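Two complexes come next, and they have one chain in common, chain A, joined by chain B in the first and chain C in the second.
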Partner chain A sequence: MAFYIISSALLCPQKTFEGTFPEEPISTEGLYLRCAEPDYKQIIPPVRLRRMSHILKMGLAASYLCINQSEVRPDSIIVGTGQGCTIDLEGFMRSCSEGPEELLSPIPFINSGHNTLAGQIAMNSQIKGYNMTYLQEAASLESALSDAMLLLEEGTSTCTLVGAIDEYSPLSFDVFKPHNCWREEPVNNLSLLKADKSGSIMGEGAGFFCISNQPDKQNIELVAADSKMNFKLGASKEWVNNLLAQHQLTTDDIDYLFVGRKGDQLTDDASYTEIENLFPSATIAAYKHLSGQYPTAQAVALWMAVKVLSGHDLPAYATYRAGAKTPKTILLYNNDLNSESVIIVKKG
Partner chain B sequence: MNRVFVTGIGAISAIGNNVAEQLQALQQGTSNIAPAKLLKSTLKLPVAEIPFSNKELTSLAELPTEETFSRTFLLGLIAAKEALKTANLTDRSDLQFISSSTNAAIEITENIYKNPEEHLPLLRYFHANQIPLDIAKELGICGRQYTISTACSSSANGIMLATRLIRSGKAKRVLVGGNDSLSRFSINGFNALEIASVNGCRPFDKNRDGVSLGEAGAYLVLESEEAAKGKHVYGEIKGFANVNEAYHATSTSPDGKGAKQAINDALAVANLTVSDISYINAHGTGTKINDLSESIAISELFGSQTPISSTKGCTGHTLAACGALEAVFSLLAIQEQQVWGNGRLLEPLTETNMNIVRETHSATVNHVLSNSFGFGGNDTSLIFSKI
Partner chain C sequence: MTQEELIEQLKEQIIKALSLEDITPADIDADAPLFGEGLGLDSIDAIELILLLEKEYSIKVEDPRQRREILASVRTMAKFIEDNGKA
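Our next item is the complex of A and B:
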């Protein structure tokens, strides 16, 4: 059975919410990039916007944009989030700590539930089928996508909305500090991939995709989404090869490769060079200098891959190594703290 | 389509350290809801606390007691080890792993503001997926891993995913479950929502006044029929369904629409009808709203004959762990041919007329329906069957 990406929407630090690659990327100096946000009032009914947390606004807006473009209305919702609703989580933790415990507002508690977004989308769009949330760091999007494929295969769903979301917060930033994940000095995002220092910059964003069992005219097929626990530095080349073989693909079939290079001197080459060498003639695209590093950033790559397969040229600012010209089959590889993941998409 | 068998079960909760102890407690109708001894909260609400310090749990988990671990991790590991042991699973090369907790190790992270120095070594538990990864490492699991977070239906949804993976041939065997420990965070959340019980929870009672939180770790080993060949089988997972009510962020609909849909869908997957269900292990949290809407759904579908009970009067509401814990209880009902008493019930609610099990008794148990509902309108029903 084949699965098709029939709609996609992305909010991230670049102005991608308009649906195309921006001509000029946003360039700023700092330790993190914030999401470029659309005018939410134009997308989300204003009455609902009140008291809505940052992550909910990003997620609901991206889900609306995605559903509105989809030819088929999704009947199920699966969200993957690396860290969940950290701002409200921290807010309620702090108020419990500071007390008095007897007088707390329930709003941040409600909004701290990691499946709040999936529930809110269901409520706002009245989608009453299967509703799932994966909370799984860098493997969250891949779990959500493979669950969606299983759901379509079973016939439980004909079109599933899959989302990937993470928000920047002081808490989510600090959590990664002990792992040397961040730069010590502010850096311009566009020079990040030089990887001349250790660490990366943080980002945030929400990417949503409608996955259907029927193609639309773009005919973009979601072939595979897989993840693997990995506790050491380095890439599992054999695992990637096996995955290709499982889908009757060879390394020659891959025209474009998206890598999760994040500008970290200590890990970038160890995590990606071997995989890049597997595909010597492929064009290599990178995106974390545009989006920043966050657990579900591979959604940025997936959105870009969908654009490229729909006929948009990969912008020069996202080209890491020039290679094959016509993209037909694209592999996305991400190597992150504790896990590796692969997504494969192709023009059907 | 592969059949899915349960070959291993493990659990720790306020009514026992292992499956055998919990079985005994269910048979005797033991409830353990009382003021907290370990949880530090000024709210002084009754809870179902596991009466062991983290150090004692560390030795129960067979880990070095000079090291410090998160309580949520320890509860999960103890239950997961028991499940693997009962399944006699030594070769773990093709084992996949699905787990869940509501907020990772919230019982650690919430203290960071008060005593940062003391909790510094545990900062790693801020990572949402740290507990599952630690459990996987400890048990030598290297297959695919999933972590679900859908509030109180989390581990029921984990069991549903595991079942679907095995049915479709995408997994041969899966270790699946959940873990949550008591935290100031959760108890304050339920209190702020005005659904925390002051008098101790009484699910389906006329005078119920809310939830008593509990803590637990519960894991199951699910295997395909072929992989389970020659093994002791606790039961088969025949039905499952998850739907969203799309009604309210934390409340269930008054007519139990979502619950009815989940139950009906699970019956359809199992190819069973309401009359095939011998016992219902309800979600039954003890809140006014949940218990009424769930009882309306159950009465409408099943009438007043099918035995039903909530075991949360015994164990408290163990949040992300409750789906897996009650899956274990459902399988024990099949094994013992008994239905479990609805702990702490005095006078049943009067709006509906259900056959609530007052005290544990013998019965013919072929198919058990287990409900787990979560915030965000998340409704899950599972059906466990005798083979």
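Our next item is the complex of A and C:
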């Protein structure tokens, strides 16, 4: 059975919510990137908007844009988030520890559950079917996509809205800091991929995709979404080759490769060189200098891959290694927090 | 503090507690209903307003049946605070 991506929307630190690659990327100096946001009041009813935290606004807006672009109305919602609603959770936990529990405000509590994202999207869109949230760190998006494919295959759904959301929060930043995740000094995001220092910059974003069992005129097929824990140096090639073989593909079929290089001198080459060498003639694209590093950042790559397969040229600022092949089949590979993930999409 | 001063203070506190970003104290009619019409607040906002009374004025509304009357408008809230000697 084939699955098709019939619409996509992305909110990230670049101005992608208008639906195309920005002509010029946002360039800024710092340790993290915040989302470029649309006017939420045009998208979310003001009464709901005032209670929403940053991550909910991002998710609601991106899902709204995605549903609106879809020729088929989704009947199910699946969200993947690596860290969930961290800012509301922090606020709720802080108020628990600082004040009497009988005086806790209900709003941070309501908004602090990970599954509130998918729930709020359901309330906003009135899509009342299957509603699921995956909280699996760097494999959250891939788990959500896999579940959507199973749902479509068993016939429970004809079109599923799949999203990936994570937000920047000072506490999350601090939690990962001791693991050398972040740069010590502020860096310009467009210089990040030089990888001349250890660590990356934190980012955030919300990417949504309508996955259908029927193609639209763009005919972009979601071939595979898979992830594997316990990364072992030298074992990625075999895993990716097996995945390609399962879908009757070879390394020669891959025209573009999207990699999750994040500008970390300590891990980038070890994480990505093996896979990059597997596809010597493919164009390689990178995106974490545009989005920052966060668990579901591969949604940025998926959105970009959909745009490329829809006929948009890959911008020079996202090209890591130029190639000459026409993009027909694209493999996305991310290696983060000891977890590898692959998504394959192709023009049908 | 006069009742009018208390009303102005309450308006500021309500805007902050309920994240009424586009509303200024001048937009709030002290006698207009807080729920349904007027500001169009709902049951979650009612919980926030009860918490506001407890946190800011140390007044606990013991009888849930009183809430509708107390939270009818900003003026009824101010009067309740005055009646409990907390203004």
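What we mean here is this: the second predicted complex is superposed on the first by the 342 of 348 C-alpha atoms of A that agree within 3 Å, B and C clash if a C-alpha of one lies under 4 Å from a C-alpha of the other, contacts with A are read in each partner's own complex, and residues count from 1 in each chain.
Here is the rule we go by: a contact is a pair of C-beta atoms (placed from the backbone, for glycine too) under 8 Å apart; a residue touches a chain by one contact, two chains touch by 3 or more.
Computed from a predicted structure; not experimentally measured.
Asks: Here chain A is shared; do chain B and chain C fit on it together or clash?
Replies: In the superposition, chain B and chain C stay clear of each other.
Asks: Report for A:V175: first if it touches chain B alone, second if chain C alone, otherwise both or neither.
Replies: first
Asks: For A:T329, decide between first (touching chain B), second (touching chain C), both and neither.
Replies: neither
Asks: If you count the residues of chain A that each partner touches, which comes out higher, chain B or chain C?
Replies: B
Asks: Tell me which partner A:T133 touches in the superposition: chain B (first), chain C (second), both or neither.
Replies: First partner only, chain B.
Asks: Could you tell me if A:S105 is touching chain B, chain C, both of them or neither one (first, second, both, neither)?
Replies: Both partners.
Asks: Pick one for A:G119: touches chain B only (first), chain C only (second), both, or neither.
Replies: first
Asks: So, does A:Q293 touch the first partner chain B, the second partner chain C, both, or neither?
Replies: Neither partner.
Asks: In the overlaid three-chain picture, which partner chain does A:D226 touch, first (chain B) or second (chain C), both, or neither?
Replies: After superposing on A, A:D226 lies in contact with chain B but is clear of chain C.
Asks: Report for A:V47: first if it touches chain B alone, second if chain C alone, otherwise both or neither.
Replies: second
Asks: Once chain A of both complexes is superposed, is A:G82 in touch with chain B (first), chain C (second), both, or neither?
Replies: The answer is first: A:G82 touches chain B but not chain C.
Asks: By how many Å are the closest C-alpha atoms of chain B and chain C apart after the superposition?
Replies: It comes out at 9 Å between the closest C-alpha atoms.
Asks: Taking the two structures together, which residues of chain A meet both chain B and chain C?
Replies: Common interface on chain A, chain B vs chain C: 104-106, 110.
Asks: Could you please specify the touching residues of chain B with respect to chain A in the complex?
Replies: The touching residues are 41-43, 102-104, 106, 109-114, 123-124, 126-129, 132-133, 136-137, 142, 144-151, 157, 161, 164-165, 168, 170, 184-185, 188-189, 191-194, 242-250, 258, 261, 374-378.
Asks: Over in the complex, which chain C residues touch chain A? Could you list them?
Replies: Answer in residue numbers: 17-22, 40, 42, 44, 47-48, 51, 54-55.
Asks: Going by the contact rule set out above, which residues of chain A touch chain C in the complex?
Replies: 46-47, 50-51, 103-107, 110
Asks: In their shared complex, at which residues does chain A touch chain B?
Replies: 77, 81-84, 89, 92-94, 96-102, 104-106, 109-110, 112-116, 118-120, 122-123, 126-137, 139, 143, 147, 150, 153-154, 171, 174-175, 178, 226-229, 231, 337-338
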